[in-house]
């Protein structure tokens, strides 16, 4: 275990735990010596820290007692023991979305833990392996220290029309390049890794259905974030450098998401942290279970949507038009779409069933439906928010202009809205709307809503599989009077 | 009690119970002597009968033990005692939608019973009345006989810009015209009364928020369907007379909905069946509770949607194009929209809370969101079903043509689809799609989806009230750095 | 020529011309002796008659001088000689939609004439045939008598995954079964034949791209409606029999569309009326030109939409809510969608180019875009119209009930709306909305909008072909700084 | 005239003309000494320069002979003399959108010139003023030098629920603060001023309907960009500073839009450049004519859309999935929406009519419909582009990372797509998509599409006025059989 010391409790503990890890990180062509102190990275750490603080202030929502380790753990580390547990994840997710207005980066790990818990059990049962006990041993240790676990699934993929073993370059999907007595060596890269630098452990998993030819790519492993051979390249986000320019233009100066490329350059993993090696035939099922959990985890976006709806209502108020019927109606439409996302997520979680391993897993069809709405509605909510914002959301001068001794007072005068509302408030809420619809958190609220947990077509494939078409045809045949 | 005999158990018992009641019914300008034997009305009775049969074949889904009467009752008569009970209603509703492909007409009564149960309790608590005990006494009797209860809420309304007491004609909303020692006399008419002729009792309720000037319109009463003074005028439905032309052109020959106008021409109600009289200030709350239940009851349409999706899949198969990617994709879209409806409903029910009276009531916001999606998605599902059906869905010759000795064989030849599929099957499934998108059951699947339980704007008003805009603004202020 | 007498001028002349033709027509299992006198068929004839009357009252809009015959002809018979001519077709179509609220059935013929005019020219140029002169000779004769020409394209198709020569039954597409010295004999059936019984001539054309194996199916021919071997089976339409029940319940008692199956049971066509025989390689191009014209002809639906928007505005007024902001807003949305359809049509026509034959043909891409919007927006307009209508649109009693001595006065009382508006007006406008959204004219306004001139996927295929993707990629490459 | 020298011909001439003007400009808290050399501003100048170069390379499209000055002018300065002229504007706009992928900033001026040409004529006719001759004199001079004219309409507005004279601060709308013998002095500020710094002259105009109390705010004036008293504060745009970081991360390094606040701090305007002063009753009509032109000018976005569709097609190709049916289908949907925008614009222009002043003005209703689609469809096109792009569009490392000696080669390896496509190409096209959907040109493609030429509600108000509801009601009444 990398942090043999005291368990993490608060956000501050967590931030402290990230220091001095000596990670190899690049951002904008430069190595990052200490991410905790980097102005662009820091807000993403704050978002993860909020998950710890919530467990302190609202333990019913964000903490749970784990049978596996016998301690109270952050809910993001908890293996679900009931449908209520699954529902509680959604409620915690919405709340954190409301509190941070961004991606707090821990759902992948939570969903990976829950899907690995059940799939390792099933593999052992069918193949006589011992993955499940390895996994629970590792998890118990992680739980005792209350660490952050990231899940690394998405490979870089190369030619998207080809599978792992068909690629010209075999490293397009993470694979085992060496098997040793004490463990395995893996190579490849994982793209779009949410919160990876902010984690303590990464769970590496395959990203798609595999065939017999892909045996070396069928690998699941837990890797410490500071393991030798790992490099992190921080992805650019729209308006990321505004974090270096003061607190206003950033829109949401406190919180942001994090996406990086992880390069695994021959990383060694001891056998005790290997939870799949070669059983390719379970890859599809692992992905399906993970995405079942994870597609419903996107109810977090309804929490982010709450912030954006609130911001849209605020700017309408500051502009003096909050009573106009069309303004009101657009807020209702935004809320309607936002709650539709939430509804499908809660329904998926409520319709959970126990797995053979004993944890609870949500309904797959409704989870896909939830996520599929997430690929659509935030874009419309964002459009409506921009509608209420007015054109100033994209033409505002900078904070430095507003603070300029000559030009500042004129801007203060000319950007005023309704009497009694400081111009700065208008500017701040407009910048927040810009942040969420075009800027740094638009990445999480829009594009990640589209592609996270699988792109729209991936949901359609699952809906096609799960929509019980034969049963529906039979209903139609009965009513139409068609025999046989 | 009008049926002092044996409790109803099966659909056949139920149909028998409807005979010889001597109701005053008109259809197409003619009195209907026995609705049970009328070809246009009979399918609507069969749909209600299905609710009895389901309770026999699947009692867990469609029956429940009632504390109020101490007997097992049809779930449509049950007062909810847990969130699971509320969820179970939704599951039963979807199932019946799948089995009948139409409106089975009992949700209004179920939702009226549950909302009256709690509101009469509250009124008694605040006004010292005895409505609750009257109501539960009446309900226990109804439960013991396992009867059908309809709920009559929608008044005819006259000038929609005016309230009851402002109308030129005071009868535009049902009102008390006389108060006597033994009871009250009520007058007016209720429009769009789903399944009223197929019921044993009608619960008359006000339809909107009332003011002090509207005291005489603040009335809730249970009225036997065969009470003196009641007239029923059967509404026309698209293609209704096809029920008289054979089984194919009707599309769904077995099941249909029922909408009628009830005219209450000075109907006497004894005090024991009066559950509100004059306490106008509770009307809005009653309507809100009823619509909270009822807007989520529209998940029944996801069951009807299952039938239509199945029919669309069948016609694609019969046409030989079921593997085309665009066909498949449209079926996925239909299923996605259909499950989105279901998701919001299940979520609303799952998020139930106990009332002061002890029964459980679902979440209001999610229920409105559910219904609001119902005002949109069935139309799109229907459009896609017609897309898959092809033009023949509206140009098919009649059953009589297909059966004609000369022309029939030619039609059989020229309307064939894929080899091995009888032409009649194609015709039957096309007629079912016509039935559900333009014909008799389009009334329930489309227009009633729009207006039942309140038109779209009614949901928007409720969403506006319940969307917690102040809390959302506070989320935005915190993240934007706006002090209070 | 079947009508060697006087040219048709007025609608009355036209109706007279249809009498006593001895056509073999079936409807609901019975032969129809005289369609002109049949209550279900008559409104469809009236819609065609309106095209004649419009040419009398507004000749600039609906008539044109033809170079081919040297006479003034109805615009539906005119070969376009300028872009303005093509635009004028659209304006005439919208106007007739406004006047009839239904399909007036002459666009297929108009568009067939224009596409055959140019394609026969091209075939002759490349194959040395004489189709063009045959065609213009025939057309001149038709123009001199000012007749109605229908176009018969859609085959019955059998297994939709197979082409003509692959079908188990070769008659699934109309084909030449015999070639004689004096002409050809054709067999098969054409489905969804708009206005065929109301025409004087039918232009039979292939419906899809053909291969060398499909040579016998590559046939274009002009056939008189009363030719030996033709049978017409009148398709059922939603609520069709209401035409026999009085004028109110029908909704639009004056006008309706007409769709029938034409069975061609070995019909002889003399060579002078054969405009294609075997040149299979031109079938795709003919279909593409025809659909280019015809997909833009669907701007007629914006005229029908005008009626429905007007009806929705009327019912809002009669209900007393026409000033409510959400009502007003829905009317705006309906108008916006309706004009979007019109805009794409007008643009397609305006962007016309001359063909080698000298007539003018509209832009294909915009025509497909126009039609594709027609497959979507009328459904949304209809949904909004039902929203404004309220539930009564599907629960109104019959005309006979309103006229019943006892029940009629009560209905008159209880269905009243705003003071000063006769109840009958409310009923009539509700019936019109029902007619256009569920009833007889919903067939034309909705389902035919979906499938006429090709189903949605057919437009997507054409858009894919015409969207100039390579050019667009080059724009992107230039701006992205991608060489090569 | 500020530039008495040689007329501008090429883009290079134009850029030269902008140098050394000594404008007072602020950006990010700093004065900008020479905008032509500023990396953030320069791409916006290049976009305007493209309008000159197009007139050289394609004069038929982008130039026209002006009767007013007797010279060939850039079409952006041309007063329309036919419907074809109005259509030609649209075609030029689409082309420039394709060439620049951004807003080229000259439409406001073009549309202002055309609306002022006709409104000044009408005012003179009704008020005996001499605005029209002043205007044409000024315009002739501008045409002879072939200058850039910007139009300044949008005031900063303060409390949006109040008119100019009701504001607490009278400067919330530009107004005349002094009238002198030689001219007027104006004060206020204009927000969201597209391309103002890149112009030579600005036409100041009122932004809304005015009342008698607003007389001082009823002012139209031509002001040289370098006039004393003018300050420009450059608005921030998403990702604007990437222009300083190399050419790749910017996405579109060559072209961008420009939005600034203009502060008019007591600017003197001689009478010869005053085209309205006090005739408040014409303000609404001026705005209506301007927006009629300008809302149809938004077909430029279909040109920008072409770029984005091309970029989406490219990334699909580079990813190896361009043949997948769902990919193809999304490209078709994007093209369909894009052409729908174009269609309504072309139709509006084609349906032009001559004004009393003799120039041609497009149809107002269709122009509003065009713009209203522009407030919706680009958002959906952008969503689909992001769908095709995949998650890398928001997680790519920076150009500096790709060029880093150690990490660069690894990134080159791991971001490769299909064999044969350089990784840099993938990166470049992804950056272009980011630029257009979240970055700098998303401002113009999305938010400006929403708010430019009036926010969505402004179009709905106009559609409500122009949708001829009474005529539509009459159509419905006729068909429903409702007498007057």
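Chains here go by letter, A, B, C and D, matching the order in which they are written, and residues are numbered from 1 within each.
Criterion: a contact is a pair of C-beta atoms (placed from the backbone, for glycine too) under 8 Å apart; a residue touches a chain by one contact, two chains touch by 3 or more.
Computed from a predicted structure; not experimentally measured.
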| item | value |
| --- | --- |
| Shared chain contacts [chain A and chain B, defined touch] | C, D |
| Rigid-body rotation angle, chain D and chain C, from Cα fit (steps of 5°) | 180 |
| Where chain C and chain D are represented by their mean Cα positions, the distance between them in whole Å | 40 |
| Rounded Å distance between chain A and chain C, as computed from the means of their C-alpha atoms | 52 |
| Chain centre separation (chain B, chain C; CA means) in Å | 38 |
| In chain B, residues with contacts to at least two other chains | 326, 329, 460 |
| Touch-based graph of the chains, sorted into line, ring, star, complete or other | complete |
| Contact footprint of chain C on chain A as seen in their complex | 325-326, 329 |
| Interfacial residue positions of chain C with respect to chain D in the complex | 87, 98-101, 247-248, 251-255, 306-311, 313-314, 317, 328-329, 331-332, 335-336, 339-340, 342-348, 350-351, 365-366, 369-370, 372-373, 425, 428-429, 431-432, 460, 463-464, 467, 469, 471-482 |
| Sites on chain B touched by chain C in the complex | 26-30, 154, 156, 158-162, 168-169, 171-172, 189, 191-192, 231, 233-239, 241, 245, 249, 259-261, 263, 265, 319-321, 323-324, 326, 375-376, 379-380, 382-383, 386-387, 390-401, 403-404, 407, 410-411, 413-419, 434, 438-439, 442-443, 446-448, 450-452, 455-457, 460 |
